[in-house]
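Shared between the two complexes below is chain A, which pairs with chain B and chain C, respectively.
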Partner chain A sequence: MRTMLADAPRTALTMAYWGFVLYLFLPLTLMMAMSFKNAAFIAFPIGDWTFDWYLKVMQDKPFLEACAYSVLVAGLTTLAATVIGVWIAMLIATTEGRRGAVLFALACLPAVVPGMISAISLRIFISTIDMPTGTAAIVLGHTVHAVPFVVVMALTRLRSMPANLVDAARDLGADSVVAFFRVTLPYLGPAIGGGMIFCILLSIDDFVRTFFLGGYRPTLPMLIFAKVQGGMSPEINAMATLVLLVTGAVGLYAEYYTRRSRSR
Partner chain B sequence: MASNSTLVRGGAMPAVAAPAYSTRLPALFNSGLYQSTLGALVSNKTTRMVLLAAVPIVWIVMMHIGPIYQMLKISLLSNYPIQHGRAPTFTFANYAIFFSEPLYFMPLIRSFVYATSATAVTLLVVYPVAYYVAKIVQPDRRSKALLLLLVPFWAGELIGTFSIIMLLANRGALNVFLRDIGMIDRPIPLLYTPFSLGFGLVYLISLYMLLPLYSAIDKIPKHLLDAAADLGAGPFTRFRRIVLPLSRDGIVSGCSLVFLTSIGVFATPMLLGGPTTVLFPETISGFFHGASDKWPVGAAFAMIMLVSALTTAAIFMRIVGGKSTRLM
Partner chain C sequence: MDPVVQFQNVTKAYGQAVAVDDLNLTIQAGKFVTLLGPSGCGKSTTLRMLGGFEIPNSGRILLAGKDVTRLPPNKRNVNIVFQDYALFPHMNVARNIAFGLELKGLHSSAIHKRVMELLALVQLQDYAARMPSELSGGQRQRVALMRALAPDPQVLLLDEPLSALDAKLRQQMQIELKSIQERTGKTFLFVTHDQEEALTMSDQIVVMNNGKVEQMGDPHTLYSRPQSVFVANFIGDANLLRAKVVGADAQGTALTWNGKQVGALPSAHAMKQGDSVLIVVRPEALRFLSVPSGEGFAGKIRKRVFKGNHTSMTIEVDDGSQLNALVHPGESEAISGEDVWLGWNPRAATVIRDESAAG
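Right, the complex of A and B next:
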């Protein structure tokens, strides 16, 4: 009796965990299951199963174009955000005291500004500098959003770096640029890799910035949003399932990658 | 300095050292072009600092502060874009519009109610889960237990929202299940209600609560809990006297992040909410559709939301958190 009572909190916590896992996975599982429904409308029970929606989606030109466009935007965003984010982190790491703290706070600002406000302010901003909406504006918006995360990841890794590594390189005759590319950058490798994958996921997932900064070419979230608003069919489920599988694979690879490099 | 550059150029290096590097970078750094341009610049302390600081500072000022500044500026103008012969004047009228009409200020109040409740519910739901992963799960299986919780969030906002529709729609899984077991005759309207919106918000934002809470609870030394147990403290006392105070930082940053994220969500309320749940982002977006003559009003509304949301988060952090609490 006594042991049962002592184990009660543990049992409750275990149930809370698995309940939460169920809560997270149930809607996604239902969404994926619905992609196999052999009917033109979304409704449970599924009844008749089919693979046709996938064949249809795989040949759907707007979907494939949206995929390609999302990948393009994510790629450009990742490149820009990584370079700028690492650069900012390098500056913060060499700035001490209050100025460093202010710099860090400003570098993180876009991560705490609510998404809608960020999107609106960027929309106004690009109009004041006469930049048209479209790919460049989307990439700019996504980059602003992604930079703080790269900064935090790179800075965490920089702070764990023994200072004497760079000192040794300098003693051996490397100037700051050489020391950065030959010593600091390789040391930052895992953090940069993790940050880049995070940038990709942030960009692929972003809706609100793309909505206000985009032109007529839809990204994946915009396409799905338009389809959900325009009347639903299991076609959307097939699209969403494919996207989910790809982003899931990218995310899992990121976990594997950062874990492997952390243990090294 | 002279001996340094000789070494970098590699002229005085023994021949065996050179092939040890497989990258093409050394060749670049040894080239005369590099030595006379970038290499010369970084050998001087001032130009080196400028090289390091210029891009970050220009980016932060232009892209992190610039948009907010421009939004503030336009919110104070009588008209935008600036037309010929109609010079904009400085005015607070755009802010006054907000207070003039319940249609405008009610959505902001509603946004605050939803964001605050979603934050509170998320904290209550996620805290036990984070505690379980950080303290009950065996250390070697901890990262797998955490990973299982991260996977669903890679689905993203739109797919996550769409999945909630599958669960809650009139012919969604929940209603059909309840009908099949005979609990209801006709579907309960769950979708497009405050319930579905709250359910969706908690679903999408709980990750921002999970990670700060997990890292805070993970840092609590196990021997503190063991010592308390040896001294006769029950589970509830241990939680109240040790775990809760020591995870305060995680609670504060988790709640702030979740609050700021959920108040700025745009697509989810439009897809899961109904006519009675119009939130402030949708109100703001109305001013940015079509012609841009309503932009100053929209900018003023966005400023009101930004300032009130950040103030709320700051007050919360000051009251609940200590001085050391940081958001990121």
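Right, the complex of A and C next:
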């Protein structure tokens, strides 16, 4: 009796945890289940099961084009954000004291500015400089948002790097550029890899910035949004399920990859 | 003998703190030279200035006669073995050692040959493909040493490389370092605060204190003929006896201590009658005299500590001063509280200026 009483807080914590997990997975499970329903509207009971919605989605040209477009935007964003982020991290790591703290705070700002505000201000900005909406504008918006995540990941790794490594490279005949590419960059490898995957996920997931900065070509979230406006159907569920599985797999792999390389 | 390194009036200060103060130092080629001193004495700064990681405020540094004072690290032909080895964690042993050779633009077959030669020198041929994280401390040490030796530097700089190893391994590495130095014929400039390390390996020891060279010489000379209180205390243990000079010449120094005349080696400093000086007598140079005689001093054993291969004794003499003696087995069976007579061979005692009296 005593032990049960003593364990009461722990039991409550455990139950709260599983309650949270249920709350997290129930809607997702429901969404996935409905994607297999052999009927045009979403409601219980499911009755007949089918793969037809998936076959339809896989042949849906606008969907495939939106996927390709999202991947293109994500790729460009990742490229730009990684270069800029690592650059900023190197600068912050070599700046001492207060100035370094200020640089760091500034670099992190885009991560905490609300997406809505950032999107509106960027929209106003690009029309002020007569830049058309479209791919370049989207990539610009996504990059600003993604850079802080690369900075934080690269900086964490840089701070754990023994200062002597670069000294050793210089001592053995490397100038500062060679030392960066042959020692610092490989050392940052795992952090950069993790940061890149994070950039891809952030970009593919982004709706608000894309909505304000995009042209006529829809990205994946835009396409799904447009379809939802036209009424829910199991086809949307199938699309959403596919996106969930792919991004989930990528995210888990990123976690595994950074963990493995950190333990070395 | 050519001087391979020359420091000429080199000063390095960080703000108000002077790390190296008007240093003049010449290092001969092919020698194992140690910079010895307590932390903050400027020995590491001296090494880093030679490596190119610090630029002196004034003075010149010559490497094989060429002024390298302001050259960046990659433009001077010296290499460092860092205190924590600084092996590249993402490269295996062979690639670590090859790093400096690749940057010299050597052909890959020549690099491979040289890497294997170096690995053979430290019996690590089978470890070429290992990552640094898979090596023991001693193995990392050897790889770091070979990586620094690979580009054939004019001087190899070693920045307290043994301090991360445990005592047993450290002794083993001391012997190995010395033998590698002898086999390769390279000039080694070794930095340490450990006097035993310095005595074991060095051809020349440079004792540094407060950014200046306190004394320079071979280990035996430094130990047997220290020229200052600092050197006497920093290298080995010393009994410092305050005495008055009676007379000095090239044969030796005559002094009075505790009312009796005693002898010591000729002094390096000019001495005249009546000068107040310190006699340096090493604990192992104190001798127990079997019979009370006019020669020795009466004392009482206050403490006796058995240390295995020797016994350490603290003896109080008549004037109240305490002397430490190191007694080998069979030399004396005197026990604590016993009255003894002791003295020393004048050839084992040196005289230095009494800085406290002079100042």
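Rule of thumb we're sticking to: the second predicted complex is superposed on the first by the 264 of 264 C-alpha atoms of A that agree within 3 Å, B and C clash if a C-alpha of one lies under 4 Å from a C-alpha of the other, contacts with A are read in each partner's own complex, and residues count from 1 in each chain.
Here is the rule we go by: a residue touches a chain if its C-beta (ideal position, glycine included) is under 8 Å from a C-beta of that chain, and two chains touch if they have at least 3 such contacts.
Treat the numbers as computed from the prediction; the structure is a model and nothing was measured.
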{"item": "Contacts of A:178 with chain B and chain C, given as first, second, both or neither", "value": "both"}
{"item": "Partner chain in contact with A:187 - chain B first, chain C second, else both or neither", "value": "second"}
{"item": "Greater residue coverage of chain A in the superposed arrangement, chain B or chain C", "value": "B"}
{"item": "Chain B versus chain C as contact partner of A:115, first or second or both or neither", "value": "first"}
{"item": "Touching partner for A:238 - first (chain B), second (chain C), both, neither", "value": "neither"}
{"item": "Which superposed partner A:76 touches (first chain B, second chain C, both, neither)", "value": "neither"}
{"item": "Touching partner for A:165 - first (chain B), second (chain C), both, neither", "value": "second"}
{"item": "Set of chain A residues, in rising order, touched by both chain B and chain C", "value": "172-175, 178, 182"}
{"item": "Of chain B, residues touching chain A in the complex", "value": "3-8, 25, 29, 38-39, 42-43, 48, 52-53, 55-57, 59-60, 63-68, 70-71, 74, 81, 125-126, 128-129, 131-133, 136, 143, 145, 147-152, 154-167, 169, 171-173, 176-177, 203, 206, 235, 256-257, 260-261, 263-267, 270-271, 280-281, 284-285, 288, 292, 295, 298-299, 302, 305-306, 309-310, 313, 327-328"}
{"item": "Interface residues, chain A side, partner chain B - complex", "value": "9-10, 12-14, 16-17, 20-21, 23-28, 30-31, 34, 42-45, 84, 87-88, 90-91, 94, 103, 106-125, 127-128, 140, 143-144, 147-148, 152, 172-178, 181-182, 201, 204-205, 207-208, 211-212, 220-221, 224-225, 228-229, 232, 236-237, 240, 243-244, 247-248, 250-252, 255, 259"}
{"item": "Chain A - residues contacting chain C, complex", "value": "162, 164-165, 167-175, 178, 182-183, 186-187, 189, 264"}
{"item": "Residue ranges of chain C touching chain A (in the complex, touch as defined)", "value": "51-53, 72-74, 78-80, 82-84, 86-90, 99-100, 103-104, 131, 133, 147-148, 151"}
